[in-house]
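Chains here go by letter, A, B, C and D, matching the order in which they are written, and residues are numbered from 1 within each.
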């Protein structure tokens, strides 16, 4: 069996099926259509499911949609609405909760800038609570944001910085946004994944070493990710189809080393990242400030 | 007596003399020339000195030099060398210490971007120690960097973020870099202040509320600041000289409100900030990595 | 008589009245209220008016409004609508015209970044006409954008670059956006000026030497400006009122030199520039693409 | 025969040899070692050579060196020196010439930002000649810089903008810097190509349609390029070796469409671009200001 890394539970499940010829054990899966978009919820129930999908047990929600760079404004809003509903289900926190948003990734590398870019569009409010020294602030939820950057620039592992801040400000839930790696080219520009298991080691272009999750932070961590790159190894396999190569495994063994150094991404990745950061930030803002109307949200953000 | 805010101990001492007609009590002061530059060390000894200069007790070192935008490369290096020596005296930590550098300020407002810009040029090494899982790493000191941003964008007070990180990574000393406010126009482009009392509330354009110092962080905090703005109130007084106005106090009372909203800065402030970030980062890198030659430093940074 | 430089025709007219005790000759002036905003149109009719207001003969429209950083989204849209109507009157070109937008200023200096920031939000379409090799393109107008930068970085005077591009692509009208200098603090955050005389020498923080207008470009040039700085000289006078100083003229003579080097700007100038770039770009987009509904505009830009 | 696009004459010549089993006709080739680097000069003599290498007739100089991200400062300087010498040979203009530098590419997409980044480090001097209104200025050459951006943002084809500026300021020679596409992964981080045929259509990630060369601009155009991406098509072939696929041509036909949309680039591309922009700008500065010592250059640039 050949293993190719992807951050998408959906792709891992598909690969399992292709390679094993049957549904992965220990998982539950639901799919629904929502006006041109599809929502797939995979519940990894136990260790068997975890092993089959190479993901920690938990809920993985994937939203599939038309290419984001071809979407008009109305479709983007519909997509943000759908994201907001799914995120709301995972968050399960009330309006009086304190939420910390984390924009992971390197803002200097275009396909890895999704986290920082999205973080920059969040309606941040914690300082309003501080200035007025109160726990309540009308319809607003208490929200703060950090963008930990990359270890090569700061010398500090993202998890260490996040742990320090989490301990200092005590959020009830953390939402971590990251760029992901996918196995198939079609995924780029069309997929959002949410999960309640946080961010797993090695995800995306970033340099994370340890997971950002309830185990390491002590509070609920929702991960929101968008595939923006594929590995060099994957791109080869996509074209190969099944069985063309006699020495397929050997080939991929060589590729694995390459794939650590090379990323594949659309040529218009700057526009793609920009579009996704709009959709993600809208969906997140709607979910974390549930008492605000869209008009009020826009007033605050404009 | 009229009080005008400045972040420079040197200017406060000068104002005290002008207003009171004598040397401020409770301070010691030394001045030396260094090839076209002047170093003034003011030691605020006790509460009397602290009240007279409106500064916490401690050591304040001011480097005065020719306008930074007219300096050539050799003079800049001489200035960095002088800064490195003065910083070394205040730091008093060995090569095996762990140092955390903090770039304060808002990178989106040109005169407030000095901290983040300087931080971006520091030789960061902590991750090398982590990756190799060792306490020693040849000639390198263990250095990390954060740029906490501004509360309006993150919802998190700089001090909270710094506290969280400090507790998490346990540095032996902290160096905080910030843009300052001065009282006199001439100060902009010609002055660097170092002190062992950290960053005091209300300094610079930033939005700091509480001090960043040994009391709040639990470790030694060196503050390095450069005046990049003056308050609108100050600029009026500079032109007025002494006693021209009958209603001077009333005038300044009005101005004080204005000065919170307005900043005065050179038209070429982007070049000034750029030049200072080169000088500061060089001086700091030399002081924190004392075992590296300048050539080795450049190799690491290039 | 003391002269203080401002780029606003409205302020020059006011100064003339204050200093001369009567209305300036050779001008026509109209004022109307528009739901919390005021539109003043000053028509400089002849050389007498031009001398009195230190502005070339032409039409100067000033929109005064509440502070832009306190505005909600609805008020911003109302302001953009008003700007679009006024701009439409000055442009007087049909949908089939070719329009070149110029974002003047230095994107590295916050208060001077208005031109480049606004230019970045314009609905650019010229390449769609090129790709399809047609003169007509549905409801879209043929629009291109340049941001010439500053001479210190490019070695090229803005006017030279604009002339070269204008000759090459042959627009029917040019719209030049620039940051301006005002005399009074209140102007910053509350004023937009439009005129059909282009950009006059020495305006704003920039380094323009010659005017950008019909004489130098050979086509109609609309100037759109927002005061984002005041000169150091102006700030002193604002506080002085009339006649306080015995040696007022001497004082201002000294200040004039200073004012070339110093700029005064609000501390939150980054948010102010951001808000104005949204209002300006919306108003301009509505005026240059008159056949698009606001919803269609948003679809194109999202 | 299968054709895979590369911007490197060196790779095209190698492919010709592999596919045809002999040296390409109509070319001259020289190779020399320079302390760890290799310089290959390919002279495309006539139409046969042009057809064989798919390049216009002219001189193509390739510098091959160790990976730029592993180089120390001394090696970088040696590389810049070598580049300066090769560029000097192609430029063949005296110190009194006027030179226009063009930084092609999109500064928002990391691997395409090489041109703008390098342009930002050039010693620009034309405005000094303008201000003093003189043709001579000590040891300095008359140098200006533009970064035309991408058509999607400006609506203006790079060539149109460059033509307009060239006609307006009349340079004696143009140097155009661009990111290139290579066929082999090893090329990224190790290769610089210079040529006297300018920039050919379709090079790099950019959106150029027509060549930037003596035919279109009327003056000598030197192209300087660095491969920063490979096409998705190329990466597959690299792994395939020779003859593995039965349906190889069909496969590549499909890939060609993909490769227009996908780019492959190193994960640390931001550091790679940064390092190359330092080397390129140093080499160019040394070549265009031949009368300045390296120390004087640094004085001007610091």
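Throughout what follows, a contact is a pair of C-beta atoms (placed from the backbone, for glycine too) under 8 Å apart; a residue touches a chain by one contact, two chains touch by 3 or more.
None of these values were measured; they are calculated from a predicted model.
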Labels of chains that are neighbours to subunit A and to subunit B: C, D
Which of A-C and C-D has more C-beta contact pairs: C-D
Averaged-CA centre spacing for the pair subunit C and subunit A, given as whole angstrom: 42
Centre-of-Cα separation between subunit D and subunit A, whole angstrom: 37
Inter-chain centre distance, subunit C versus subunit D - centres from mean C-alpha coordinates, in Å: 39
For the subunit B and subunit A complex, residues of the former touching the latter: 120, 124-127, 130, 143-146, 151-157, 160-161, 163-169
Interfacial residue positions of subunit C with respect to subunit B in the complex: 106, 108-110, 185, 205, 232, 235-236, 239, 244-245, 251, 254-255, 258, 260-270
Complex interface listing, subunit D residues touching subunit B: 72-74, 76, 275, 278, 295, 298-299, 302
